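In what comes next, subunit A is part of two complexes: it sits with subunit B in the first one and with subunit C in the second one.
Up next, the complex of A and B:
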């Protein structure tokens, strides 16, 4: 098998396929493999926090300690940094978003499993959820008409309103789109990179010689480095998703 | 012909579209490090803002990424 065929097979491997239902689109209810991993990750998130909050003590131990560290991380580095103390109302929402994304990303790093966030459908749905939540928060605080008016930056000259206002509205509608694509693209591209280095290693082993021995060893080293980098990316993407959610909420509350 | 041109276009769309955001992300990180070196006590706040700036710059590259996939499908 040559390199092109291997890469085609890798891309095919990363495509979602139906576990229940069929791929032709005849059935309306389809359970894909990515949805199974999504459900597993969400179940793990719930179990993690239920176990962590079962025995609450002043000095936490074990799982409770890890969970408390995570919640404190979100509180200090995301909510308090961006919104200040008034953002504490939204802490439960942001912690949920952060840990749901984090568990999904980490699940995909276990060999043989895939991240629930590895398909565009899931990440788009989460982006749209964030979009609905922050707009709802803004409308609830300011009222519908003042909120819609506040899209316009203050100090815009009246003769530029026709240009600036549509641009601002478009940028709002781009937010769920970029949130979704950013998360999906990072997870998908990471898996492709890991897969391609895996293909290099296997192909070098198949045609063993002085040159391919060097190439194979370098690919294996690179794969280990990239794997470590993917662990970092999985965390950073959850962090970025949560922090952008907070920034959008803050923008909806403090209109300019 | 159209198929092979669309593959070429997909590559160009992502490659050329990544130049600007690449420079932008590098600029954000460099300036953030400069700021942190000058005022280490502000490192936390600077880091948070840095990630927001990086995410916004990255969004432009992602539009190219999506466009590449759209072009890839053109037969």
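Up next, the complex of A and C:
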């Protein structure tokens, strides 16, 4: 098998496929491989937090301490930082966003498994969900018409409204896409990079010689470095997704 | 482009999964965690406050003890000083009294000596007179008239008496 074929196969392997059901099209009733990993990651998240919340001690220790640390991180570094104490109402939602993304990203880092966030189906759905939630919060706070009016930045000259307002509306509607594509692309690209270095290592071993020994060793080193980097990306993307959700919520509450 | 379009079933499964996770965290996991975080924050705040209170109290006690110690030192100095003064006065008194006593003893002794001396003199004079008469009798072998005796004695006594005058 040459390099081109291997990469083709890698890309093909990263596509969703039906584990249960018959894949007859985008709207067919199937359970894809990514959904299996997603459900595993979500189940693990639930088990982790429910177990941790039953094992809390005043002097922090063990699994309870890790869960507390995570919640405290979201509370202090995301919710309180962006929204202040009024954001505490949304803490459960933002905690869920953060840990749903984080656990899925991390699960994909276990060799052989894939992240539930590695398919657009998941990331786009969650992007739309965030879009619906923050707009609903804005409408509830200000009323539909004042909220829609607030899309226009204050101080816009009247003769520019025809241009600015549609742009602002479009930028809002782009948010679920940017949220979804950013997370998906990061996970997808990370797996391609790891996969390609993996292919290099395997191909070098298959045709062992002086040159391939060097290439294979370097590829293995690169794969280890990239793996560490992907752990970092997995965390950063969860943080970015959660903080953008918070920023959008804050923007909906405090219209300009 | 076709590959980019998500599967409808993926959208649904991920939304439902998110919903389940949200309810699990919101209803079951987060309340105890938030409660614990608040409790701990409260506990730490209390502990810090209590520590501060204890520190202030300790400082107050230290000041109090220092003050008491200073007072005690002052008091002891005062007592020692007083003691010294009393001792000095007593010493002076004792010395003065001793001097006085010595003086009076000396004076009495002097007086007694004078008295004894006078008595001794008188006795001596009497004996000398008798002795003189006896000696004269023996030497002269004759008896002088009473008048001779008398004048002789008086003359002699006057001589002896002049010794006493010294």
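Quick note on the criterion: the second predicted complex is superposed on the first by the 250 of 256 C-alpha atoms of A that agree within 3 Å, B and C clash if a C-alpha of one lies under 4 Å from a C-alpha of the other, contacts with A are read in each partner's own complex, and residues count from 1 in each chain.
Here is the rule we go by: a residue touches a chain if its C-beta (ideal position, glycine included) is under 8 Å from a C-beta of that chain, and two chains touch if they have at least 3 such contacts.
Computed from a predicted model, the values in this text were never measured in an experiment.
Participant: For A:78, is the partner it touches subunit B (first), subunit C (second), both, or none of the two (neither)?
Facilitator: It touches subunit B, and subunit C stays clear.
Participant: When the two structures are laid over each other on chain A, which of subunit B and subunit C touches more residues of subunit A?
Facilitator: C
Participant: Quick check on the superposed pair: does A:91 touch subunit B, subunit C, both, or neither? Answer first, second, both or neither.
Facilitator: Second partner only, subunit C.
Participant: Applying the touch criterion given at the start, work out whether A:31 contacts subunit B, subunit C, both or neither, answering first, second, both or neither.
Facilitator: Touch partner of A:31: subunit C, not subunit B.
Participant: So in the superposed three-chain picture, is A:44 touching just subunit B, just subunit C, both, or none of them (first/second/both/neither)?
Facilitator: neither
Participant: Residues of subunit A that sit at the subunit B interface in one complex and at the subunit C interface in the other, please.
Facilitator: Touching subunit B in the first complex and subunit C in the second, no residue of subunit A appears in both lists.
Participant: Write out the stretch or stretches of subunit A touching subunit B in their complex.
Facilitator: So the residues of subunit A in touch with subunit B come to 77-78, 81-82, 174, 178, 181-182, 185, 236, 239-240, 243-244, 247.
Participant: Taking the complex as given, what residues does subunit B use to touch subunit A?
Facilitator: Residues of subunit B touching subunit A: 44-45, 48, 51-52, 54-55, 58-59, 62-63, 65-66.
Participant: Considering only the defined contacts, which subunit A positions touch subunit C in the complex?
Facilitator: 15-16, 21, 26-32, 34-35, 38-39, 42, 45-46, 49-50, 52-54, 56, 58, 60, 64, 67-68, 71-72, 75, 91-93, 95-96, 99-100, 116, 119-122, 124-126, 128-129
Participant: Contact residues on subunit C for subunit A in the complex?
Facilitator: Residues of subunit C touching subunit A: 3-15, 17-18, 20-22, 24-26, 28-34, 36-37, 39-40, 43.
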